[in-house]
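After this come two complexes, each holding chain A, first together with chain B and then together with chain C.
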Partner chain A sequence: MTGRRGGRPLVPAYLSTGGVARPSRNSLERLSVLTGGGGPEPAGLPAAQHALLDVLDGGSLTVVETAALLELPVSAVRVLAAELIDQGLVSARPPIPVAALPAPDLLKRVADGLRALKQ
Partner chain B sequence: MASAPSSSSPGSTGAAGARGIHLPDTARELVKILVAGPFGVGKTTLIDSVSEIRPLHTEEHLSEASARVDDLAGVRDKTTTTVAIDFGRISLGGGVVLYLFGTPGQERFRSLWADIAYGALGALVLVDTRRIDDSFDVLGLVEETGLPYAVALNTFPDSRPYTEEQLRRSLDLEAGTPMVTCDARDTNSSIDALLALVQHLIARNRPETR
Partner chain C sequence: MPFSRSPLKVHQMIEIPDLAAGGLAAGTLSAFVLAGGLLSSRRRGARQQEEVAGLRSQVDAARAETGGVSRAYAAEVSHLAQRRVPAEATRAAHPHVQVPGPLHPDLAGTELGAGLDGVLDGVAAAVAQERKRVDAAARAGMRGATREIQAGLYRLQDQLRGLQQRYDDPELAQTLFALDHENEQSLRRAQVTAVVCGAWVGLAREESHLVDAVTGGQSRLVGYHRVRIHNHLETGTALVSHAVEPVAIIVAELLDNALRHSAPDTEVVVNLERAHHGVSVTIDDAGVGMSPDERAYAQRMVAGTEPILLSELGDPPRMGLAAIGQLTRQFDLSVDLSSPSPYGGVRAVLLVKNHLLSRIDPAQRPPAAAAPRSTRTAAEQPVPEAVPLAPEPVAAYDTGAISHEPAPDGDALPQRRRRARAALPAETAAAPARTPEESAAALGALQSGTAAARSAAPTEGNEPR
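And then the complex of A and B:
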């Protein structure tokens, strides 16, 4: 029902951020995990922010996946997500939980996981 | 062939399948490997052969500085240009999710390169032995970034049978850099190439004991 047609971006990149070029926070990486807050969405939210909340409805996504789904540049999603985080509507966590660093056996687990994929 | 089991591929519902793409609840550690190489070398093919989602892409804007050296003769007012960056995702169990980023290696993507490479475990550099020269820029960028890497020779039917020694010399590889052959269309072959890189990363991370 909410299906997107292929082709044109939902929101043109130059309009999506309302002219803001830099995010209000610098901590968002491509693989930072965005999660919707689950609270009620305030009225009058800009269309691009609304669209971002919409793709987070039902689960978490990385910044780069969000950008791909919204057909926006990663730089624009960084701005939008930062605004939503500032409003408490989205939360973000780093790709690897800080508590898990350093993750000494991480590479070994990547190797084991890859081996298990072989058919 | 035509009637795949309906449970097999949630990604096949097309672009509307945004609901199928959310991260598994178990996802905890998200890691990244670059699949680097010149256009047409098979980066997206390799990513597609191992990814659990159909590869997605983002449109990235290149900075003005990059655009200036781009081939934009006569387009005076154009200050940015875009490039599509493909990526795929593989859940590896134990909470680890691996992302593969197809990263073009041309010198003009330098600014983008640093951003994509940030936090990456390493790079798998795909080389087409029919046009080795095309890989020099990529190798230069990888080494400049300081990313550990392995080289995978994507084989084509008409690839010339160079010896390993000849290839290592023309690519100027250090003795410890893994070099494997792979068929990017083949899942197991692509996984083996990624494993060669990860084994290399494990070996270099081992604490030196002397």
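And then the complex of A and C:
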């Protein structure tokens, strides 16, 4: 059992945001990283926002990963995340530009160097 | 009297003195005799004439009477043809129509009266039969058309959801959401019409969380913003596969009724609660409520005990209650509308019996993100055996939750690692075997469903007259 829902979803995506697809902020991209506040969840949050906080669970995930886990379109997650950011329950940082990623090779050499220093 | 005098003259010529007296006496005697005879014959003639006259008048009277009776017959038959038969035919569709009685009230109980009533009974039976036949034909036609429409709308839904996944431009997404919602509503209409016409619900679903079915039903309505769902069930309470779509349809129709009959600024409250015999879905609105007549009508429709005729659903046809009736009958669900809501409106209670319920491990398959969470706190939730809770709830989402973990010790680079589902003991992945009771309940449901469909078949009106 893969755990993935088979067939047609019973609950359409628009229900998660109450039909809203325009986020309150436009800063979120697919690869923006969301970080849960980790604090207690306030009562009265809409179910989908609760679910998003559950998925983050104080850790960090990109928008697109969150969408995959919640089985929602990215557009819906952007709306949910934007609302949570507005309430201070989630923080977001822009995606790391691809060009700025260090090469794994380099990291490996640095790690080897550090280990060599330690010994 | 010439013939009585002639014998007297003959005697006078032979011996006048002797014979005179005797002759006279004899003559007088015979005259008397003759006169007597004459008188009696006259009297008899008169009597006969009287009798004849009497008989003639009787015959006249009888003839007059016969004429009157046949005129009455003709009037009665034409009254039957012009008034009573049309009224009887109308009454098949409108039970409040009164069928007039015979012209002569004293006809009741006679042979003629019984004959005429027999005509009416025959007409009523023929009209009822014909109505059923026409209705069955109409339903078959509608069924074919709605099935095509429904299939087309599902294809459209697939396309729309594909687009939603692919494009996340807010403006486009907004349009796609609106289209998806419109599509859901059309789909609901087509599906309900098909169900009323005796079709299958049109979509096979897998075992799903009950709260998902209810939320799915909610999403099919225009006023879904006004619906508040309170989920008091254990997490993981689910519906067996064949009950998912019927429950979603019934909830959607009950909610539609509630939204339609309450003010736009009021909420419709849904409570999901565990009952002894199953799970109850209670829908309360704060609307105007129903009159006792409406309540009785609605209760009769949702009970699903009587066959439904399309022509009885009004114009525009009120499909919702009829569809609920069909589904409750087919799937052994029960809907009750008999008690008023404490909010003043209508309270509808859908009871899903235990044999239609199952359990889904929420860690394996969580409910939809938009489905309201259970109000039960974790402490109240019975922890399912043999499923050790994952150390962190994130692991509930098993499709590859990624976390930042520190490198174990020294050797490798810090890596983002999938939370491994494989870390769980192997037996937890195996679906729990069905208990004999569950198997029996499933087979029983199949059997009762088959029996219900068979008993429903003769109502189609195809039987020969």
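Methods note: the second predicted complex is superposed on the first by the 84 of 119 C-alpha atoms of A that agree within 3 Å, B and C clash if a C-alpha of one lies under 4 Å from a C-alpha of the other, contacts with A are read in each partner's own complex, and residues count from 1 in each chain.
FYI, contacts are C-beta pairs under 8 Å (C-beta built on N, C-alpha and C of every residue); 3 or more make two chains touch, one makes a residue touch a chain.
Since the model is a prediction, treat every value here as computed from it, not as a measurement.
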item	value
First (chain B), second (chain C), both or neither touched by A:S75	both
First, second, both or neither for A:L117, with chain B first and chain C second	first
Touched partner set for A:S60, first chain B, second chain C, both or neither	both
Which superposed partner A:V33 touches (first chain B, second chain C, both, neither)	first
Chain B versus chain C as contact partner of A:P95, first or second or both or neither	first
Touched partner set for A:P23, first chain B, second chain C, both or neither	second
Chain B versus chain C as contact partner of A:A51, first or second or both or neither	second
Chain A residues contacted in one complex by chain B, in the other by chain C	2-6, 13, 30, 55, 59-61, 65, 68-69, 71-75, 107-108, 111, 115
Touch list for chain C against partner chain A, complex	154, 157-158, 161, 164-165, 167-171, 173-174, 176-178, 180-181, 184, 203-206, 208, 212-213, 215-216, 218-219, 224-225, 244, 248, 364-366, 368-373, 392-394, 396-404, 410, 413, 421, 429, 431
Of chain A, residues touching chain C in the complex	1-23, 26, 30, 46-48, 50-52, 54-55, 57, 59-61, 65, 68-76, 78, 104, 107-108, 111, 115
Chain B - residues contacting chain A, complex	15-16, 18-19, 21-23, 25, 27-32, 50, 56-61, 82, 87, 89-90, 92-94, 96, 98-99, 101, 115-116, 118-119, 121, 187-188, 191-192, 194-195, 198-199, 201-202, 205
Parts of chain A lying in touch with chain B, wherever the complex brings them together	2-6, 13, 29-31, 33, 55, 58-62, 64-65, 67-69, 71-75, 95-97, 100, 103, 106-119
